[in-house]
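The following pair of complexes shares a single chain, chain A, combined with chain B in the former and chain C in the latter.
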Partner chain A sequence: MKKILALANITFKEGLRSRAVYGIGLFSFFILGLNITVAGFFMRDVGKVTVDMNLSALSIAGLLLVLFVGLNLISKDIDRKTIQLVLTKPISRYEYIFGKYVGIEMFVFVALFLLFVISCLTVGGLSVVYEGYFQGFVWSNFIVAAFFVYVKISVLAAIAVFFGVIATSSFVTLIFSFCAYIVGETLDEVVFYLKSSASSSEVVISEGVKKVIAVTSYIAPNFSVFDFKTEAAYGLALQPSRVGNSLAYGLIYILILLILSTFIFQRREFN
Partner chain B sequence: MSRSAALGLLALLLIGYVFVQRNAWEDRALTRRSSLPGYVLPSGVSRVLAMGNKGILADFLFLKTMTFFGERFQTGQIPSEADWSYLMHSLDTVTDLDPYFLDPYVFCEGVLVWWAGKIDEANRLLEKGIAKRTWEWRLPFYAGFNSFYFQNDNAQGSAYVIAAAKIPGSPDFLKTLAARLAYYGKKTKTAVLFLQQMLMETNNPQLRKTLGKRLAALEAASSIEEARERYLKDFGHYPEHLNDLVSSDYLEKLPLDPYGGRWEVLTNGRVFSTSKFSEQPSTKNPSGVQPVPQP
Partner chain C sequence: MTPEIELRGVTKRYKTGLFKKPVQALRGVDLAVRKGEVFGLIGPNGSGKSTTIRAILGLIRPDSGNVYFRGDQLSATCIQQEVGYLPENPYLYDHLTLSELLKFCARTSGLARDTASVRSGELLARLSLDHATRRPLRTFSKGMLQRAAICFALLHDPSLVVFDEPMSGLDPVGRKMVFDLVSELKDRGRTIFFCSHILSDVERLCDRIGLLSHGRLIDTFDTGALTASRQGQVHLKVDRLGAEQRDSLAPILEGVTETDDGLLLTVFAANLAALAVRLNQLGISIQGSREDRLTLEELFMRSIQGGEK
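The block that comes next holds the complex of A and B.
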């Protein structure tokens, strides 16, 4: 455990040193600034627009952090062959994988938390300026939705670790992780669309395709599970069972991926 | 190349850039003004493309639609049938992406109903919102008014308004409004009451301007109608000409129609204007006349 934390600490510091952090920070500030300007263009639902923009900014910033910083942290050792040096130390391969992942998680958490604080200021400020247009807004829902953005990004980080272990170069990892992200974000819509059009017999779907859909919905992550944006935007009641289930779904998915990654990593040879 | 030559070239290029840049933006302004409305991706596709950001995509699409109609409005162009169809598709997609979003419904009531006169389509959109925003009294209120005033369906209209009045937080006047609407029926006063409420509810400057103008016109018509009623009470018959109301001191003078038309009395006794309360057609788009729905 100590070794995992030590490695996590090094990974975290390495992440902070990355220049991409500044770019992603600027991008988020831009979106949040844009939010303040754009909010006034709307007639009634200013609160909803503000919440949408803030949560989407968090989500996109998280995606960029994992793809451009997190991914580098995983594949740098393998790319530069410094992995051989690391593995000569008294650290097991599973400790290496978990240490790296925890480090990335710490880094993403700190970065997203900073952005979250700023977006709270934006939301708070706008709710004072546009008083009366934030009637449905509930802080607890906003916090839950933001937390689930972090859970989603954590799952994506686990996917990046998994592909980082399999792939031979960081570019391939990037492509695979990005594809997994697209699949994760669109899976829900596609599956439900196919199911609804199959039940209304608009489209005839063969048994084979149905099986493929069922299998895919088990293998690929469904990021819509972590989507509480509508609840946050309108202050709709959150069902505790859904919140608990989503959290469990995320945690179990991450752990399975990390354990699979260690299996593969233990068999991998570096030369 | 020497340093001074390079600097000179750079200065020339900068001047050229400023010139070209200005032209490019002017071209864009021209293109946008004459542009056909965009194609709206069906919500089945756009909700997949949104990649988990359906809310913000709905905001963006709605903003785009508002800008499009804002430009039509500012340049004095009267929207064509294609523009209205774009509006309907776009609002449909926006409310599919985010059926809770209130602004598209307000815009729909302000523009699709009062400007385009597409009542059935507007009520279909409003139904979507009524199903989702169960805490919102405005949507059944709008739908109820549309049924009452434009579709002549008093039963449906009262059902909507009564439903609106039952929603917690709805204003007190709604409780008596159903009765008042039924009493006034298709009188212009109904529309005046409704428009005053709409104006209180929106802060979009363009929408306020259109609705304000229409409210002024309807208030003028309503004042003439009321004067005619008083005349009827005193003399037992309506005046032959509207000018008789002025000569017999029931009105100080005939109010002006902000749309520039002449007042006339319809066969159903309603006062209306030859302008039909619509903007005069521009020469660019003569087919796009959208008169107010005949009361």
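The block that comes next holds the complex of A and C.
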């Protein structure tokens, strides 16, 4: 555990000291600032738009953090052969993978938490200005929704670690991780579309495509599971079973990816 | 006595691309490094030195053959507890300061805080890095990075030290520092395995030397025997030497080498006086002389050329 934490600590520092963080931070502030400006255009839906935009800003910032900073934290070690130095220390390969992942998680958590605080200030400020339009808004729902944005980004970080371990360059890892994110975000809608079009005679989709999508839906991450925007925006009651299942899905998915990464990493050679 | 490291019939082939011919990096290397000795591995670029090191460290798996550490197969041992490794181009975590890097090293090596503090203090002072502990590694010069990597490798006081080109990028002062450090490790009974292109360093530091060419270990010899074999060999420089004169001197001479500005006659010291008399009789003046200091280099070249043939 000590070794995992030692690795996590230097990975966390590397993330924080990365220059890309400033760019992503500025971008996030811009999105959040834009939210204050844009929200006023949707008087009746100002509450919903504010919550939606804040959670989306968190999600985009998390995506950028994982793709442009988190992903490099593991790929750079392999590209620059720093890993050869680290693995000749008494660190097992599973400790390396878990240490790196925990470090990325710590970094993403701190970055998203800061953005979440700012986002809370934005929502709080707008709810005071447009008091009448935030009547359904519940803070606890907003916090849960933001927490599940973090869970989603954690799954994405595990995907980035997995591709970082199997790919030969950081660029390939970036492409694969981004594709996984797109698939994860759209998978639910595609499956829904397929199911609804199955009963319709207007759209003809081949059986092969349906089978491929059915198999993919079991393997690829389904990020819609972590989407609590509607509940947060309208203050709908959160179903404990849905919250529990989503959390369990996220944790199990992360664990499976890390175990698979370790399994592959054990067999990898470092020339 | 069980060797500290042993390679038995190790072969390794790298796949360089989907449609490219694989590269045979090692071809049945048999090698044994005894406990407490300094073993130098020399060979031209691409001969398989770094691959041998990676096989010893378990960073690559041999296609066939085995690597043993203290008699046990490498996969069944925890060599990392015992080894300190310095790669040829050490890429350290450049976002860290030197003290952060050494703290990380201490924690991963399981060193107690006090021990780590004493050890790092000693090493930093030894390698003249004690003024730079709070500086990020990205601001270090190449030589400083090399010395920082040596600290990283030696912090946990390993019993086996593997150095790949330890003098690379160092200025003469830095080289001497590292040279003295390796000598000290040798005196303290550490086993040292290292690769270098600087043959004079290899010759001065090593107890035994292995010559690697095209993935084959073509020769292994004791440095002591090497020194003895060249003892008394002297080169004399002369302007000219006719064919008849050369024939008459043949029984005394060990060799004649043509240079740009004359001839170099090689002779054992025991025959030097006789040669001087004969040259005097023949009216040939001696332009200069020197003792043979390039034996390892010559031997290296001869062995490599012989291997190629």
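Here, the second predicted complex is superposed on the first by the 260 of 271 C-alpha atoms of A that agree within 3 Å, B and C clash if a C-alpha of one lies under 4 Å from a C-alpha of the other, contacts with A are read in each partner's own complex, and residues count from 1 in each chain.
Throughout what follows, contacts are C-beta pairs under 8 Å (C-beta built on N, C-alpha and C of every residue); 3 or more make two chains touch, one makes a residue touch a chain.
Computed from a predicted model, the values in this text were never measured in an experiment.
Participant: Is A:89 in contact with chain B, with chain C, with both, or with neither (first, second, both, neither)?
Facilitator: second
Participant: Which holds for A:45: it touches chain B only (first), chain C only (second), both, or neither?
Facilitator: First partner only, chain B.
Participant: Which of the two partners, first being chain B and second being chain C, lies in contact with A:207: first, second, both, or neither?
Facilitator: So A:207 meets neither chain B nor chain C here.
Participant: After the superposition on A, what does A:182 contact: first (chain B), second (chain C), both or neither?
Facilitator: first
Participant: Return first, second, both or neither, reflecting whether A:14 touches chain B, chain C, both chains, or no partner chain.
Facilitator: second
Participant: What residues on chain A does chain C touch that chain B touches too?
Facilitator: none
Participant: Taking the touch rule as given, give the residues of chain C at its contact with chain A in the complex, in rising order.
Facilitator: Within the complex, chain C contacts chain A at residues 14, 51, 54, 57, 59-61, 78, 80-81, 83-85, 87, 89-93, 95-96, 100, 104-105, 107-110, 149, 152.
Participant: Given the complex with chain A, which residues does chain B contribute to the contact?
Facilitator: Against chain A, the touching part of chain B is residues 44, 47-48, 51-56, 58-59, 62-63, 66, 98, 100-103, 106-107, 135, 201-204, 207.
Participant: Applying the document's contact rule, which stretches of chain A touch chain B when the two form their complex?
Facilitator: 38, 41-45, 48-49, 51-53, 55-56, 59, 136, 182, 185-186, 189-190, 193, 223-224, 227, 229-230, 233-234, 236
Participant: Considering the complex alone, what residue numbers of chain A touch chain C?
Facilitator: 2-3, 5-7, 9-10, 13-14, 17-18, 80-82, 84-91, 269-271
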